[in-house]
Structures are given as structure tokens and as C-alpha cells.
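Two complexes, one shared chain (subunit A), two partners (subunit B, subunit C).
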Partner chain A sequence: MALVTRAEGRKYLTPLVGFLLLFLGFPAIVNLIYSVSTVTFETLRSPVLSGFGNYVAVLNDREFWSSAWFSLRFGILTASAECLIGLFLAIFLAPLLSKRPVLMAPLMLPLMVAPAMVGLMYRLVLHEFAGPVPYYLFEWFGDSPAFLDIDNAFRTLVVVETLQWTPFAFLLFYMAYSAIPLDVREASSLDGASPFEIVRWIDLPLMKPTLVIAFFIRFIDGFRVFDNVYALTGSGAGGSTTSLSIYIYQAFFKEGAIGKAVAASVVLFLASFIVLHGLNRLAGRRKL
Partner chain B sequence: MKLSRTSFALMATLLAGTALPTSANATVTVLGWPGGSEETALRATVETYNTQASDADKVELLFFNREGFYDKLQADMAAGSSAFDVNLVATYSLGRYAPYMEPIDLGADAAKVFGESVLKTMQFDGKQYGVPTDLSLHFMYYRKDLIDALIRDDAARKTYGEIAQKYLGKPLQPKDPDSWTWDDWGATALYFTKRVNPDSPVRYGTVLQMKNLLFNMMVFQSLPRSYGGDWMDKDGNVTVDSDAYRTGLELYKKLYDAGSSPKDSLSYEYAETNAAFASGQAATALQWNAAAADLTSTEKSPAVAEVTGIIAPPAGPDGRADHIHGLGLGLNKNAKNKEGAVKFLKWLATEDAALLYARSGGSPALSPDVVGKVAKERPDLVKLGEFASKYGYVMTGATSASALPVYELQAKEFTGYWSGQQSLEDALAHTKAGMQDLLKK
Partner chain C sequence: MVRALRWIVFAIAVLAMNFPIIVTLITSLKSQRELSTNPGLWISQPTLDNYLEVLTQTSRFNIYAYLLNSTVAALIGTGLAIALAFPAAYAIARSEAGKRLVLPIVINLRAVPLIIFAIPLYMMYQWLGLLDTRIGLGLILTIVNAPLALVILVNAISDVPVELDEAAKVDGASSLQVMMMIVRPVIRPALVTTFIFGFITAWNEFLFGLMLTTSRAVPMTVGASFFFAASGGGVKWGTASAVMMLGALPPALLGLVMYRQISGSMTAGAVKG
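Moving on to the complex of A and B:
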């Protein structure tokens, strides 16, 4: 017997569906209309339908593809670095944290800072004449690299993002690691497994779902990055640090090309949907 | 039932509590220009205004980031926002925002305080849209002690000549900064570059603002302008690919590549430039006039305050040129408290308020009689008026509704060239094509 009848299910789902239609459906429909229209700030309420020209403009725009490439590289690199460092810390610090849980608080602190603030903070920290990092590099080595020039800006941004969000991955991994029953490890240890073998053959397989989820959450966050990049380098010299989010922002506000910006966001939405749907199907198959 | 009545009463009280203060404590919300001397001056001026204003007319200030300021403002105003009663407006964006604003009558005395020409920087279609609070142009800041020492030292003069010949291909000699050409400035910047001249007492010869940011293009363009550069000719043809722009862009790149400006200059704007010059490690800096108060303050810039000289930007074949624009405050068409907003704007246009604003670090362009009253405390304001009248210019097309996107385009393409991502030819071709598209709209 079903716990909830079909009629009850409909009743319970109505508020949620209403909420989604109101707050997601309406903007989505407006976006779809704008994406096939000629529209400016002055004609926001009266767009003129003009076909798929905005989509053609976006797909033929080399800046769209270079910003997509920037976002993809940034997302993969930061997600990988955060997960690797987070995993190492989770396993390495687990014995200490189990005895002193209070240490979790300072480790989580970077998560509390707004990304835009992090960008501004590093703008100061890395400034040659005001920042502590270049100051000590000059003191010790007589020189300091250009952290935000064309050669290093990308690396600096990756490091800044990784430093802020590694605690997130670490938190997930520590919880997953703590949830592994001790007797499993003890049994493998009695069977002669080395600590490395325990991690490789016991801990990592049991943590695999968490590892995968953490990687994708961090990848999505990295892929859509905006705040800290924009605060630290803007779109970069010649647009070299333009992420897809910054591309859409610039097309919308700076160029006033509202149709093009919305078309780019629809393309991004479709690409994300296809990827997520594919992943969902893969996960479904595994369960079977 | 009792519970629901109690809940209802509680909710009603809560709602009333949130709604009532809005009507009872009406204030005037002013959206100002964030992060510079303009913000400091406006805060101090408003503090004084609030001591004499009634509760309904008290002013609350609202600031957000300088980055993307005009984009956010445009989105807010186009959406009919009433989040602020008074908003910032600039000469170069007046045409863009005028449809969302209401003209104001500042009274006859405003002309006596600011002068007709300055009031015009806030006029569109013959109507007054704002109170001109700040006039912006650029000063060339330089280290008097370093230049004096260079001019007096024969060995240093010889080295200077060798560097000028090697890097600029010209036999130049050090001279008084007030008679500098851009080549003289370039040679001086190179001489004071540690990487070029290991004996330089400072690390860098200059500080170039090269971030991909529209305001940095305003700083840069006085160089090509003094070589005769302009956005368009009389017939409306885009002329950004002129020799004047080439010369300016090449000189910036040459200095950056030679190490004359800090390595991170491609991420530098107003604040970074101030910090670099104030550190005492740069010999010159082309910077907004708003920085004068900070760079000559012994409290804020102890390393350079007493040895900082201020002149107009150097000369090119067409003489000196200094980018000029005005910032001001005007009335939002959708203001909630229009009456209070107009009262505040009229007060801001009085002599007392203008002098208070000037003494608090702002940079109003005042008529000669009025500026004389603050000349002792703010000698830079006297220079401001002098430079604006002698060298001030506005590029053809730079007051159109597309002016800001044009600056954005130039910022992206020119920084692409300076950072070595594209050739000069490509940068100019892309800029020209983009400007043709934007300016024909």
C-alpha cells in the first residue's frame, strides 16, 4: 500500500510546483523571448522578435569560446586541486580532529568570507607596495613576481579559489572518512594491510560517492566563477580572465547586448543540462 | 482558535513594525561615487547637512563598488528603481541617464558659485540635470627631489642622454617638468627605472594604469590627444587608427616592457597607482586630480607629500591636452522623496556647501571668487580650474550614449596589445571596427 495517495501527492506538490513556476519558470520564459529578440534597456518591456540571430552571434563569437575554455580549465583545475588537498587533509588530520573537534572551526573560516571580499583581500595582499607577500619576497629575495600579469593571473586565480574552497571538500571528505567503521580498518590491518593499502583499498572505495559529488559541486562552482575573479583582475588584460559568467555580464551590461547575453546563458543552460542529465543516467545505471 | 488569533495579532504587529518606519522616517537617499575623495567629501558634507535638516529631509548615503557602477546604475534606473532619490551622473553618461531623471532648477546663485561653463557639464538638451560636485582631469605627479637632483648632476645627465638615445632613439636632456614633452617624460621614466638604470634611487620611473577598465582609457588618451588624436573626424569617420594613437600606445608598451612601471600594472587603477606613488618607489605618475589631496598629505603619504610636484600632462606636437569631465548629483525620476531631494540638491549648489565639499577633499570647479576662499587649503583646486580652461578637451563622440561602451572596447583591445596578446595593428583594427559599430547607433 502506498504511503501517500496520488491525490495527496498532487496536493503536497502544488506549493513546490507553484514556487518553481513563479520563480524559475517566469524568468526562464522571459529569457527565451529575449534570446530571440532585439532588446535594449529602453525596450525591456517591448522586445521585438528577430529570430535566432543572437544565437548565431554567440556561437560565432571567438570570445564566447575563449571564455568557455577559461571556465572549463578553471573548473577542472580548481576542483581537482581542492579535492586532492581536501582528501589529504581529511585523512592526515582525522586522528587530531577526532580528539580536538574544535579545530574544525578555524579550518572552516575561509568558507565564511564572501568570494568578492576574497578577491579584494588578495588585491591588497598581492599589491607590490601595500601587500605583505611582495613585501617579504622583496625583503628575502630582492624581487617579487607579478602575480597578476598576463603570465601569472590565471595561476593566481586558481590558487586563490583553491585556498578558499578546499575546506569545503575537506569537510565532506572528513565526514565520509569518519563514517567508515573502525572495525573494517582493524580487520584489514590484522590481515596485514599497510596504512597505504588501507587507504587505497578500503577508505577510497568507501568514500568514492562523496569524492565524486564533491568534485562535481566544486567543478560547477569553479565553472561559473565570477565574484573573486572580477574583483581581482576584472576581465583581465585583453579579456584574458573572462569566465563565461563574466562574458554574459559584459555582454549584458557593458555592450548592452541583452539578446546576445541571454542567448549565451541559454546555450550555457542547455550544455549544463545535457552534462548533468548524462551524469544522472550514468549514476542510475550503476545503481541497477 | 486562541492561538491563531494570537498568531494573527503577532503577524500584524510585525508587518506594521516593518511598514511604519518607512513613512514616519522618510529620508533622502543619495547614491554617490564610491571609494575615492568624492566619497569622503560627500560623507562630510552630508554630515553637516543632516545637523540642520528636518527628520524628513535627512540624507542617507548609499555606495556600491566602482567596478561596473554605471552598469548597475543603468539597470536600476531602467527598471524604475526608487531605491535612491538622488543619483550620481557624469558628463560622459548624462545622455544615457537623462531619460530616467528629472531636470532641476538650482537658482541664480549656482552660476555665481560654479560659473556657467561648469554648470553646462551637467546640462543635457539645455536642461540642468545635476549639481556639478567634482571636475575631473589629470595631473602629472612627479618627485621634485629626484628631478632636481637629476638636473644638477652632470654624470646623471650623461646617463639620461644615453638611455634616451638607446630606448627612444632621441638625444634628450633632463629639463624642468613643466616643459616636458611626452618623450621627455618617457626618458625620465626610463632613467628612474631600476632595471634600466641600476643607480636609480627608486624602483620605477612611472606608474601606468593599464587595467582593462574604462577609466584607465581616459587617463591614457591625453597622450594621443596631444599628438592630434581624436575618436572621429568632422565627417563622423572613426579615426582611432591614427598615428597619434599608435605613438601613444607604443610609448606605453615600451615603458611597460622596459620595466618602468610596476610589473602588475596590467591590474592597476586609481587606488593601486596612489599606493605605488605614495610608497616613494616611483618618480612620476599620471593620475586623477582627485589624488592630489592624498598624495600631498603628510599624514596619508609621508614618504612623498613634501616632494610631490604637480603639473599638467606633458605636451605633444599639438601642445598639452587634459581629459576633462564632471561628476554631479541629480534627481531620480522615480524618487520617493522628491521634495527632500530637491532641497538637498539646492543646498549643495550654495557657496557654503561647495566650500565645505572642497575643504572635505572634494574637487568642485569653482568660480575664481569662490575658489579664492579655499586656495590656501586646496591649491590644487586653483590648478584644476587653470588646467581645465587651458588644456581641457572632450573627444568627439565622447558624450554620446555609446561613450562608455567605446571606452570599454578600447580598454579591452589596448590592454590586449600592451600585454602582448595581439599586435598593434590588430588592436587598432578591432577598436576601429567596434567603434564604428557603436557610434553609428
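Moving on to the complex of A and C:
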């Protein structure tokens, strides 16, 4: 006998489900309707159905594709860098951290600060007169690149994002690494395996599910990036730092192109739905 | 030898990843005069003047209002998320309901870019009069927090031995009584962790604060950027740094004190979800 009947269970689920339907279900429907309507700020409550013109406009917009390309590259690059560095730190620092867990605290600190705030902080760090990085580069090398101009902004943002979120990947890997029983490693060490071989043939295969999950979590977060990019460049640098989230934000708030913004939202929703669906099936099959 | 190398790598990692925080802290302790001549990482005459200025000069930028807005909205967004997620988690852990549809959908919500709901929510808020209110911001933060709260609480309740529920049932307790009087006290640590983590997440949220508030309910993350809006003479880096430190302090302190519990909840969704 179940401790809680199905009917009671439904009752307990109702508040959460109702809240989500109101705040996400209703907006989703509005998105769908407005995306096939002609609507402006003046006619906000009386959209006129007009077919798929908004979608055509979005899909023909070069800005849309360049922002999608930005998000994709940004997501893949940052997720890869974060996972590689995080993996190295987790395995290399494990002997240190297992004896002194308090050392975890400074490594996790970047995760506690708002990405928007970190973006603002880098405005100071990289500022040509007030920032220490250009100051020391001038002092030592006599020259400093313009970190936020059209050529360098993308690279700068990748580094900023990676430095803040590597701790997250590191944390997942460290947990997974610590969960591997010590005797597995000791046994292979007795059999003559070198530390490198143990990592390669014992640790990494056992940590594979965590590697996949960490990569996807970081990819998704990188793909939808908004806060730190907006705070640091405000999509400036000649539009070279417009992520998809920023594209939607600007279409709505700066251009007032509601139909276009909403259609882009639906496209983004479909894209993330497809990715998530694939990921869930993968996870279900492998029992990650 | 290797041990020394590990310490060096640790030091480099900590310095590199916390570099913006370190620079901001140093800058916030420099006097206006020193700032114009010394952008380096040392301070010749440390001073608290910037903090004093930020905390006393409230005519143009009222930092107390931003801090209060963030606190209230984050408390609503965390408290409500737990109030909604706890009974739902109980149902999912202990009954047949919600396992197949609600749990997977809510978990996946974490990965959906929330901006896709932002525009209709903006219109809805305009219509309901919730734009630029702390309650309105708090309700959105509830959405942000609900998925992870549900995952952590489902995991926590699943770990509670069923015998505990059964014993109470035999004694005649209803399922509501079991939930509130047996399960709730047992999983209290998980509730505290969820609260702390949710509060940090809510405090650090930026997108909805930017879109849904303009003046009265502006949270700290958005308010901090106002100090950068150059008003003749450019940014005053000393005061701007002090503002950023004050804005980053509450979540950073909570995080440093509770880092052990938080590392658990950060990975909860990833490992078990």
C-alpha cells in the first residue's frame, strides 16, 4: 500500500503545478499567439493574427543567426575549457583538499558572486586607466590590447565566463573523484599501474557520466548567457557580443519589435526542447 | 616536491578565479587621489572613505533601498519556492503521483533559457500592476528557485526511512500530519540548505531584475550598474567598487559559511536528477 494515495499526491502537487502553469504555461501560450500576430506596444492587448511573418523575419535576420552562432560557440568553448581545467584541478588538488576540506571555500567563492556583478568588476579590472591588468601589461610589456573592442571582446568574455564557472565543473568532478573507492586505485597501483595510468584507465571511465553531465550543464548555461555579457559590454563591441538572450532582449526593449522577439523566443524554446529531449533519452538509456 | 606544486596550482587557481573580487576589494580601499595615480594591486594609504560615502550619501543612489529590495524579493522567492516544492516533493517521494510528468518537466526547466518567458511575463505584469514591485520580482524568483528546491527535497525525503511514516500512520496520523510533523523535522537540514542556496541564487539574479523593475524595486545586481552610468567626469571607481563589494557580500558570506552544504545542493540536480 502506498503511504500516500495518488489522489492525495495530486493534491500536494497542485500548488506547485498551478503556480508554474500561471507563470510559465500562460506565457508560453501568449508567446505562441503573439508570434503569429502583428502586434505593437499600442495594440498589446489586441494582436491581429497574421501568419508566420514574424518567423520568416527572424529566420531571415542576419543578426539572429550571428547571435545564435555567438551563443553556440560561446557555449561549446566555455564548457570545454571549464571541464578541462576543472577536471585537472579536481584530480591534481584532491590529495590537498581531502586533508583540508576548508580549502574548498576559496575555490567556490566565484560561484557565490552574481555573474552580473562579476561583469561589472571586469569593467574595472580591464579599464585602460583604472584597471590593473592594462596597467601591468603597459608596465611590463609596454603595450596592452583593448580587451573589449570588436576583435577581442569574444575572447575576453570566454575567459571571464570560464574563470567564474570552472569551480562548478571542478566541484562536480571532485565529488565524483572522491566517490571512487580507494581500494580500486590501490589494487591497480599494486599491479604496477602508474598514477597516470590509474587516472586514464580507472578514474576517467568511472567519472564519464559526470563529465557528460557537467559539460551539458555548462554548455546550456553558456549558450543562454546574458548577465555578465550585458554588464560587461552591453552587447556593444559592434554587436560582436550579442548572445541569443541579448538578441531577444534588445528586439523587445530597444526596437519594440514584439512579434520578432516573441518568434525568436519560440525558436529558442524549440531548440532547447530538442537538445533537452535528446539529453534525457541519452541519460535514460545510460542510467546516468 | 609534488606537494609544493599542488600548493602552487591551488594558489594560482584561487587568485585567477577570484581576481575580479580581489581587484574590486583593493580598489574600494583606495582614496580618490590614489586611484588616479595608482591602478596597481597595492595600496599605499588604505581608507574606508568610499564605503562611508556610499553608505551616507543616499540622495542620488540609495544603496539601502537596493539592498532591501534584494533581501525582500529573495526572501519571497526562496520561501515561496520551498512552500510550493515541499508538499510536491513529498507527493513525488511517497506516492505514485508526479513521477512521470511533473518531476521531469520541472527538472528540465532549469535548463530552459528563462528569457523566452520574459516578454509575456512583462506584459502580464504590466496588466496586473506587478511591474517594479518587490512582490512581482519575488514571484519570478520563485520560478527560478523551484526546480532545484524540488530536486533537493525529493532526494532528501526519499532518504527518510519509510518505516517512520508507517509508524506514524499506524498511530492514526493523516498524510498531512506525517508530512508536517514527521518528515519536515527530519529533513530540516535539507530545508535549510535549500533556503540558503535559493537565497544566493535569487540575490544574484539579474535578467528579471533588469526587465521588470525600473526604480522602486530595483535589486542590488541592477542597482550596482547605476553607479557606472557616467555622469560627467566618468565612473568614480572607488565608490563603484565599494558598492560592488557591499552587493556581493551577503551571498559571498552565506556561501563561505555554508560551502559544505552548498556544494551538496549544487551537485544534487546534476548527479541524482
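Assume the second predicted complex is superposed on the first by the 265 of 288 C-alpha atoms of A that agree within 3 Å, B and C clash if a C-alpha of one lies under 4 Å from a C-alpha of the other, contacts with A are read in each partner's own complex, and residues count from 1 in each chain.
The definition used in the following text is that contacts are C-beta pairs under 8 Å (C-beta built on N, C-alpha and C of every residue); 3 or more make two chains touch, one makes a residue touch a chain.
As the structure is a computational prediction, the values presented were derived from the model and not from experiment.
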Contacts of A:130 with subunit B and subunit C, given as first, second, both or neither: both
First, second, both or neither for A:147, with subunit B first and subunit C second: first
Touching partner for A:254 - first (subunit B), second (subunit C), both, neither: first
First, second, both or neither for A:4, with subunit B first and subunit C second: second
Which superposed partner A:47 touches (first subunit B, second subunit C, both, neither): neither
Subunit B versus subunit C as contact partner of A:75, first or second or both or neither: neither
Partner chain in contact with A:233 - subunit B first, subunit C second, else both or neither: first
Winner by number of subunit A residues touched, once subunit B and subunit C are compared: C
Shared subunit A contacts, counted only where both subunit B and subunit C touch the same residue: 44, 123, 127, 129-130, 230-231, 249, 253
Sites on subunit A touched by subunit B in the complex: 41-42, 44, 123, 126-130, 144-150, 153, 230-240, 249-250, 253-256
Of all residues in subunit B, those that touch subunit A in their complex: 67-68, 71-72, 74-75, 78-79, 99, 210-213, 262-264, 266-267, 272, 275-276, 278-279, 281, 404-405, 408, 412-413, 415-422
Residue numbers on subunit C that touch subunit A, as the complex places them: 3, 6-7, 9-10, 13-14, 16-21, 23-24, 27, 35, 39-41, 83-85, 87-88, 90-92, 94-98, 102, 104, 106, 108-109, 111-113, 115-124, 126-127, 139-140, 142-143, 146, 150, 162, 165-166, 169, 175, 178-179, 200, 203-207, 210-211, 221-222, 224-225, 228, 235, 237, 240-241, 244, 247-248, 251-252, 254-256, 259-260, 262-263, 266-267, 270-271
Complex contacts: residues of subunit A adjacent to subunit C: 2-6, 8-13, 15-17, 19-20, 23-24, 26-28, 30-31, 34, 44-45, 89, 92-93, 95-96, 101, 103-118, 120-125, 127, 129-132, 134-136, 163-164, 166-168, 171-172, 175-176, 210, 213-214, 217, 220, 223-224, 226-227, 230-231, 244-245, 248-249, 252-253, 258, 261-262, 265-266, 268-269, 272, 276, 280
